[in-house]
Amino acid sequence: MDSKEKKPLSKNFNIFWAEKGLESDSNRIKRFVNIALVALILAAVLAYSFSKLNYSMRPETIYEYRYKFYTGFVMTVVISFFSLILSLGIGTFFAFARKSKFLPLHYLSKFYVEIIRGTPLLVQIYVFFYIVATAFSLENRYVLGILILSIFSGAYVTEIIRAGVESIEKSQIETARSLGFTPYQRYKFIIIPQVVRRIMPPLAGQFASLVKDSSLLSVIAVSEFTKNVQEVDSINFASIENYMALAIGYIILTFPISIISKKLERKFYYES
Amino acid sequence: MDSKEKKPLSKNFNIFWAEKGLESDSNRIKRFVNIALVALILAAVLAYSFSKLNYSMRPETIYEYRYKFYTGFVMTVVISFFSLILSLGIGTFFAFARKSKFLPLHYLSKFYVEIIRGTPLLVQIYVFFYIVATAFSLENRYVLGILILSIFSGAYVTEIIRAGVESIEKSQIETARSLGFTPYQRYKFIIIPQVVRRIMPPLAGQFASLVKDSSLLSVIAVSEFTKNVQEVDSINFASIENYMALAIGYIILTFPISIISKKLERKFYYES
Amino acid sequence: SQKDNAAEQSDKKELVVGMELAYPPFEMTDQKGNPTGISVDLAYALGEYLGRDVRIENMAYNGLIPSLMTGKIDIILSSMTITEERKESIDFSDPYAKAYLSLLINKNSPVQKFEDLNVEGRKIAVKKGTTGHLYAEKNLPNCEIMVFDKESACVLEVVQGKADAFMYDQMTIYKNWQQNPDTTRALLEPFQEELEYWGIGLRKDDSELRDQINAFLKEYNENGGFDELSMKYLAEQKKTFDELGIPFFFDIEK
Amino acid sequence: MNLKISGLNMSFGVNKILKDINLEIENAHSIVIVGPSGGGKSTLLRILAGLQLPSSGSIEINGKNMIFEEKNLQEYRKTVGMVFQSYNLFPHLTAMENIVLPLVEIHKLAPSEALDRASKLLGRFQLLEHAYKKPIQLSGGQQQRVAIARAIAIKSQFLLLDEPTSALDPELTSEVLEMIDELKNDFRDLVLVTHEMGFAKRACDYTLFMADGRILEHGPSKNLFEKPESTQLKSFLAKILEWH
Amino acid sequence: MNLKISGLNMSFGVNKILKDINLEIENAHSIVIVGPSGGGKSTLLRILAGLQLPSSGSIEINGKNMIFEEKNLQEYRKTVGMVFQSYNLFPHLTAMENIVLPLVEIHKLAPSEALDRASKLLGRFQLLEHAYKKPIQLSGGQQQRVAIARAIAIKSQFLLLDEPTSALDPELTSEVLEMIDELKNDFRDLVLVTHEMGFAKRACDYTLFMADGRILEHGPSKNLFEKPESTQLKSFLAKILEWH
């Protein structure tokens, strides 16, 4: 059903799959007005709250410490980028391992998910960094940080991918088999293209979490964004300014994830 | 296809949907052996690492501070429990709001997800607690903590639910409509029962995150588990013991989530 | 109008004291989780002096100043060093203690004195936002400064040889050296030109309370209150410090 | 059943699917739509079911105008039974539940009564032993029979059946024919799409021949099948003889 | 095609679906399976396609024993074309892509050649203008034709067709019949399930009558349809006359 066609008679008809209709060009003004409205209301609440606070802003202090903000931001970008890719790899691997007929692999995957999801990242960082890495004489705290973060996030990614793959109807797998697809080809041509749309929203959420969780690496002295901002905060005590900058920084960081995820969702969209 | 039937001829046949087969009773011993194997390997790595550390354990110190561990644990249980329920409610609401034809609601939902997912929980806690709550003279830090945590987690839940609902084939919605189901009935009888299985794994992940994220509430003086353990740590400096206890505590907390999620996944399982 | 209310109620209303109970023996909890320590005793003494009930709010260190500024607590009593930067946001009472920085050094590190750290390739661990952190930033341009959230992590770094030294206050350094005698040594002699002073944090507009607190501190010191606290919580340290001829926390001569 | 369609158009994007359909039928109990694949039969049926909005045009059924607003349509759909070409059973419900759920939830029957009615229908279609299977465990023909049973069970004012016997063997097709006769006796009307001309002739009293989005010919079944006028219908029917 | 089945059994849990099937057919180019719905026709076809493992028994096709190991089956399946009863097109691919993908990826045809072959087939089935639609945008009969085209395109050794004309009008059914004749000339064999007896008679030279998991009667089509022996087959065929 294409909602464009139905608009003339009744725009209330298809309330469940209205997404597309909302983005049609005739609605552009409406859309803009509504976005503005929502933004305004939120801004008003914040502005009111601020006014009640009697807080005198010192935005210049951010400029003063811009270098710390900048280096932290870049570090977070780098760490997030590599961890994101690595955790996707790890998640994919364990999602498949879970389906393996080689039982140790199957249980390893289950263990991995339960233990990693069950324990705080903080503990994992300590254990990996101060116990395991020390024993194996691994030194570079940035590489280790990326590794730990990827392992952590990978557990969530594993489950997201697993859920997606399991949601594909069996009849399609069977059809692919009947055509002689190898397992690899099944994934490449049939499962993945269909699964992307379904797993993108939770995956984007997980990656947004990952970006923000990277701040926990500060406990092993990785100077990332949050840490640097908190350091600045502990010096200049302009908390509101600092944390606003922090929030904006992270929004800038996670926004591409949202955009790309929405793009992929749309690209792999097909009606079913 | 029921894998039980196929086992006699070839257990390698159905490598994609082997889950069920793995849990059949004939495999129980095998299963046990494999779990033990995996556990053993993991334990060996840890044991080796420890042995390299030359660390003398002082487990009695945990017992000494058991009361702090206990109260923190209980606080985390309480906060997590209420936040979990509330965030599910919030997530459901905004997932539906996203589909609403009332545009301000639609955009509010989009804004909500982008802003909350995009900014660190820490910042949100500061903003809500020190700015918004202060302006509106809200006081109770526990209630506020639960509220903030729920709002935070709700954004992720929103997207998980949205992805699940959108993965239901349109033909089913249409069938339900043709039978005269109201939108509410469609959700209750058709969409939700089918979606549960698909969203459970990412949802369980999100809830595990929530439990652990509750530790951030310590910045507004909520004495939860992580904070209490860190306080003990700053007194007894038995880091490894403390953090092990912390890890076990959180595993105990998140394990029920895993169990319930697996149960629901199985309960709502149907082949398709 | 808020100010008037505050002033009006100040003699009846309870005194909400913010601290992070993670800095023994100044701010800590007993095994039941009740606040205890030097700052806690001091807070109760202050409450008694003001005739107000005392409620301790335990919160993360970086939540203290926002809480004070937004009126969620009345004072900060959490071993907070008086700095110019902090004074931009909040007010401080007269100092009630002074602290020196010391170093916990890995046994195998070549570092013998503070200046040895200011060399390419040395690594120092500091706790975020502490005066040690600020001091290192200013005085150790050639050293790699690693900033941690927790003292325990800093200590672990030194114990495992991942860092050469950990810079913190004397007392913590002393304690950790005692706990890790095989892997660490301590440099307790002061090396700073300027000392750092601890004060009680107040809202800027709360000058009435500040005067009261200053009067209290003066009286408390004169009555030997701080000596009592030292004997109660820091007997061993005080003895060691006296032997080494190093001045102690509450020996404030003004 | 009186059916009046005027100026009905329907397109998906640039694809015109139904092209200016005008029709007036009076007093037909059962209408069959035949025609080449892709001609728009299912689309017309879905419009009649209130599931698809036409781009323009109006439809009057038994003197009542269809109002294409979700609110009205929701009520309207309760009065229509629909069998989809691809059955569309709910995959998470058993055969029995597929039938009982709408009865209990939409038509507010007591569960026991609903079960009773469902059992009778399942029995009639030789499905009793499969009542507690999920759709995926049923053969194609079994699924189709459940879909028919689900549509009939609600005792709607009229039924829309999209190729309801495509997966059924001759024996079951006869059963469906009998059932259609019974519906006639109950004054429940039906519109049916089929590719089996024998079945069409026997089942319905009025026939529409649709091709390429247009109704090319219509009239009482007897006339139409025995004396087709348009060349399209002639050649369409001729093909059957080749292999029957 | 020589087909030898011995002691074939198949069950889902406690449900016995195929019950001790024994069969030996020699030199049949096309085999049709008819029988009541739920009789096990699709299941047998799926076993022949290497998609379902029997509980016991063996199958020999053209002198070669089927080895029920994934490794062997994967190769085997490449030599078989299958049309599923519910079409099973890939929903994320267009009609064209559904046909081209296996050609290019599995059978390693050059994309241009694959496109060419697919276009020819789509043209033959009057689908050229729908080539770039996704399955959900196609009518039932259009989907079925794409499924047939996909199976034929790979030029497999033999074809398994599960009710391939159920959604097709008489004209298209004739087209499929012609195509089946061409396959015979190419010495490509086929096994077909259908409920249309006229079609069955005309299309295939050997017929199996299956009911309730058993093969009750089999033989050359001519004999079987004209002189049915078992009472079941007799009554099964009799029903058609009622409405044709």
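Side notes on the structure shown:
By written order: A, B, C, D and E. Residues from 1 in each chain.
Please note the rule applied: a residue touches a chain if its C-beta (ideal position, glycine included) is under 8 Å from a C-beta of that chain, and two chains touch if they have at least 3 such contacts.
Small disclaimer: the values here were computed from a predicted structure and weren't measured.
Separation of subunit A from subunit E in touch steps, taking the shortest path, is 1.
Seen from the Cα centre of subunit D, the chain whose own Cα centre is farthest off is C. Chain centre most remote from that of subunit E: C (centre = mean of CA atoms).
The distance from the centre of subunit B to the centre of subunit C, each centre being the mean of the chain's C-alpha atoms, comes to 38 Å. Taking each chain's centre as the mean of its C-alpha atoms, subunit C lies 82 Å from subunit D. Centre-to-centre spacing of subunit A and subunit D amounts to 47 Å, using the average Cα coordinate of each chain. Averaged Cα coordinates give subunit A a centre that lies 39 Å from the centre of subunit C.
Annotation for subunit E: residues 12, 86, 136-137 touch two or more other chains.
Within subunit B, contacts with two or more other chains are made by residues 1, 12, 15, 126, 130-131, 134, 170-171, 239, 271-272. Across the assembly, subunit C contributes residues 62, 66, 69-70, 150, 153, 156 that each touch 2 or more other chains. Here subunit A touches subunit C in the complex through residues 53, 55, 58, 126, 130, 134, 139, 218-221, 223, 227, 230-231, 233-239, going by the rule given at the top.
Across the complex, subunit A meets subunit E through its residues 171-172, 174-182, 185, 189-190, 193-194, 268, 270-272. Considering their complex, residues 49-51, 74-75, 77-78, 80, 82, 84, 86, 88, 90-92, 101-102, 105-106, 134, 136-137, 150, 154 of subunit E touch subunit A.
Interface residues of subunit D, counted against subunit E in their complex, comprise 12, 34-38, 41-42, 85-86, 126, 130, 137-142, 145, 162-163, 166-174, 177, 195-199, 201-203, 235-237, 239-240, 242-244. On subunit C, the positions that touch subunit B within their shared complex are 18, 21-24, 28-29, 31-33, 57-60, 62-63, 66-67, 69-72, 150-153, 155-156, 175-176, 179.
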